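To keep things simple, chains are lettered A, B, C and D as they appear, and every chain counts its residues starting from 1.
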Amino acid sequence: MATQEQCQVLDQTQVGPRYFKLTLKSLYISTNAEPGQFVNVRVDSGTEPLLRRPISLHKINREDQTFELLYEVLGQGTELLSKVIIGSKLDVLGPLGSGFKFDPEKKIAILVGGGMGVAPLLPLAQQLKTLGGRAVYALAGARDKSCLLCETDFAELANEKVVATDDGSHGRRGYVSDLLLDLLNNTVEARHYPQTTIYACGPKGMLKAVAEIALQRQIDCQVSLEEKMACGVGACLGCAVMTTGGYKTVCKDGPVFNAREISW
Amino acid sequence: MATQEQCQVLDQTQVGPRYFKLTLKSLYISTNAEPGQFVNVRVDSGTEPLLRRPISLHKINREDQTFELLYEVLGQGTELLSKVIIGSKLDVLGPLGSGFKFDPEKKIAILVGGGMGVAPLLPLAQQLKTLGGRAVYALAGARDKSCLLCETDFAELANEKVVATDDGSHGRRGYVSDLLLDLLNNTVEARHYPQTTIYACGPKGMLKAVAEIALQRQIDCQVSLEEKMACGVGACLGCAVMTTGGYKTVCKDGPVFNAREISW
Amino acid sequence: MVELAGIKLNNPVLVASGTFGYGKEYADFFDLNKLGGIITKSVTLMAKEGNPPPRIVETPSGMINSIGLQNEGLEAFLKTALPFLAKLEIPAIVNIAGDTVDEYAELAKQLSKEKTVKGIEVNISCPNVKKGGMAFGIDPATTKEVIGAVRKATTLPVIAKLSPNVTDITLTAKAAESSGANAISLINTVVAMAIDIETRRSRIGRKTGGLSGPAIRPIAVRMVHEASRAVKIPIIGIGGIVTGSDAIEFFLAGASAVEVGTANFVDTAAPLRILAEINAYLAKHEISDYDELIGAFKE
Amino acid sequence: MVELAGIKLNNPVLVASGTFGYGKEYADFFDLNKLGGIITKSVTLMAKEGNPPPRIVETPSGMINSIGLQNEGLEAFLKTALPFLAKLEIPAIVNIAGDTVDEYAELAKQLSKEKTVKGIEVNISCPNVKKGGMAFGIDPATTKEVIGAVRKATTLPVIAKLSPNVTDITLTAKAAESSGANAISLINTVVAMAIDIETRRSRIGRKTGGLSGPAIRPIAVRMVHEASRAVKIPIIGIGGIVTGSDAIEFFLAGASAVEVGTANFVDTAAPLRILAEINAYLAKHEISDYDELIGAFKE
């Protein structure tokens, strides 16, 4: 169940060169949202840009009846979003999609975030902590230091946290998939693989690399995908992704899919 | 000669229910503008709305190198304009068009403004005062009291100022054309007609009524017209108005025309 | 209550094929029974996989789609989508598409057995499939063939959905009328293309797609007007309708009802808001019935 | 320096007919000699009064115009507009429109005597006149007639400006090519309509007008691509070009040059800005000449 709601903007803060954090009020969304779900935001009341913009739920604060979005200004839509002022209302559709799944048998969770991909992993980490009884490893990669987001948040929520940047300006130099390989070679040993789930979100190339690593080792792996969207509710079939069972919708069947299902 | 310039917004003030006054900085425009000319303002950097919005020059402050616009929020374009913040830049094309003409023989000037039509009459009154040697009568009409603009400004600049509102909530009840008839019957006598110019700006119906009154009495009359515009510089022929000499452009041949010329 | 081509509509605001799924997806957001009626996503005889992603791209005040009629085929439609529509109190109009004339006829025949189905909209105007689709709807002769075959196969009201990608819309409109269509709906999307200047490839999975949304509204209004003067059967106006004012433009141009398409994506409440705005306009102008507006455009 | 259909252009960014007057109006704003070339407002044999106002109305990301080819006729053009164009260093391409085939030929013949005129763009696609205009350009046979007659009347390069209001643009494109056009330009405006719901009248003086601006760009890109695969003569892309990126889309689709239209109204610096943006793209991608982009769309 989702709602279309005029949510009050409680906060809008710039958290990096082109990164913003937006806090919105909604009893319904904060109560019903699950990690991995997203909202579809109307950034303009006119016709330009015409379509809503999908943004993952980044924090879900049930007590405050608020939720947060973490986003990067890429084009016209996110540019307009970044200009939304505190106190105004934003037209939000959500919570949407099918989020991360939890298997009580899996005692090890490896979170792999690339760039903005960390956004939906934070509420996931929170949830895993609440569920308890799991070892949580958080791996985050970014182009450079200024693009590395929520490092401290993850430090609080995960048992272990490792970061990498493409240029080595912070953490290790390299890709987040390298961090994953390291972890799987050194820390999470092969005998743990059956109890492990990898949760990944980030650019398509990175997801593919992570999925390959996981599939080779037969480790359970959930990936959060992105596709251009129109409706966000499964009505237009615009956000198709090819799976072993034919085209599925990222907005309704996903955005979180089992990596095995995707025709990479 | 006109310029396209990014003008700094020095002030934006709400002056009535849906009325705003905008102060912009431009050496070029403030130096070169004449009363009756207008600027064509880009209200959005995207494509919606696509076209610029023509707004009359309301004050021309050569010393400060600034000019002012007085406008009413009617639709999407002026709505966006009213949200422009102080300190930002606005893309302005101007000064455009052909403004009011002055004949040294005409010692009496009657300014007739309906609604927003008062906007370009204020710099005209200023100019007439500067030119000197004229009796200036300012007549202003509006729907109701809240829509009556720049009354005090005119009081300072004109020898006499009379106002009317459709509902009688301020000044006389009735139309501004009634005020004109009164003035022509009682104050400016028939023998003065040859030395008189009527300058009128307002809704088309009012202009037509004023033009008829003037033409019947063979009083010189200049009217400032409006038409939907695209280019504002005479290139597209979009703003045509039928005259005795065929279609002319409001943006270049006008907006100020001799009332005799117009095919009403 | 509005009667259109023999279909009893709740009101003149319907939802357009392909933009509202089979209804279920929007049931979260409002009471579907408040709609004038639902036009389903196109159904084909056999399942269609659809086109490769990306399937949509935004353009100025519009979007291009290339879904490729993805659907599970008639059998699955009857089993899974129709039961949901059966529970609603508003008419379900099923939009059909085929690769051949026979497929259209077969679809019409089988759907006629279902009492939930109150009308058939014949999509001869989809620009996003290789075979059939738009090819039928840009030629008056093939328009006649398809509509004629559907006419023979069913006693249900038949709505011919026309393509705007033609030189003269009155020719296909007349062809549809003369071959037995009870109404015409238009426009479907305009064939369009957008190129990614970095990859030099199309910004959608196939080369071209269909342009919809406010950008095409002025084209749609013109075509509805032209068609309405060429035929006697009622016309359903489609194309970029976002507000009640837009819908009224279509009524004035000659449409007896409207379908809301792309606007559903932008505002889930669009059809009901549009209806409310139409009613507010009627009240303000003291017009007792919206049908006084139909074709009331003054030349 | 770019050569297009035998015309030496400064660069591939021209200004579109009817959106730039005869050049003079924009001389205030920048050095016209930086343009690729100027295409004049349509010139007719006899003066044309033009259509009643309002002549323009805004629509989502676009505008409808109904100017009706207002101009003072050939004689006045030669006397007042041409001398200004003669002083420029860039080629003047004169756009002509006629009510009959003979008028087109006569215009071409007389303009050929003027050495300032470097090419003739034949407007067979204006939707805003009662006689002639678009009627010629939606039918391959009449397209052939007009272009053939102009071809015989002049040795100047002939550019056929095509209408998008057709089912199949390749037919008129081929007709223009086979009858001797040296290049094709497209698209002209799309026939469109907007109704004022208060007055119930058209929002422009005539019933319909021509839609231009970013809204139609995806349609124009598609048509340029289709035409470019059907003919060998070069194509000038037109339709909603606002940025360098838009222009590059047209190059990739198969255009050898572009014309900037409605964008001139929004930003007087549009053509030069677009040119600068194209050059920045070329530099960034280390492409030595923009002609490497022409038709480089990957299917």
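Assume a residue touches a chain if its C-beta (ideal position, glycine included) is under 8 Å from a C-beta of that chain, and two chains touch if they have at least 3 such contacts.
Predicted, not measured: the structure shown is a model, and the values here were computed from it.
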- Task: Compute the centre of every chain as the mean of its C-alpha atoms, then state which one is farthest from the centre of subunit C.
- Result: B
- Once you count every C-beta pair in contact for both, which comes out on top, A-D or B-D? B-D
- Please report how many Å separate the Cα centroid of subunit B from that of subunit C, as a whole number. 48
- Note on the structure: Distance in whole angstrom between the CA centres of subunit B and subunit D is 36
- Item | Where subunit A and subunit B are represented by their mean Cα positions, the distance between them in whole Å | 56
- So which stretches of subunit B touch two or more other chains? 47-48
- Message: Two or more other chains touching the same residue: where does that happen in subunit D?
- Response: 60-62, 213-215
- Could you draw the chains as nodes, link the ones that touch, and say if you get a line, ring, star, complete or other? complete
- Would you mind writing out the residues of subunit C in touch with subunit A in their complex? 18-21, 25-26, 28-29, 41, 49-50, 52-58, 60-63, 65, 67, 70, 213-215, 242, 262, 264-269
- Touching subunit A in the complex, subunit D uses residues 60-61
- In the complex, subunit B residues that touch subunit D: 1-4, 42, 47-52, 91, 93, 227-242, 246-247, 252
- Task: Could you please specify the touching residues of subunit A with respect to subunit B in the complex?
- Result: 46-48, 76
- Message: Please output the residues of subunit D touching subunit C within their complex, sorted ascending.
- Response: 59-62, 64, 138, 165-167, 190-195, 197, 199-202, 207-208, 211, 213-219, 221-222, 225, 240, 245, 248-249, 252-253, 281, 296-299
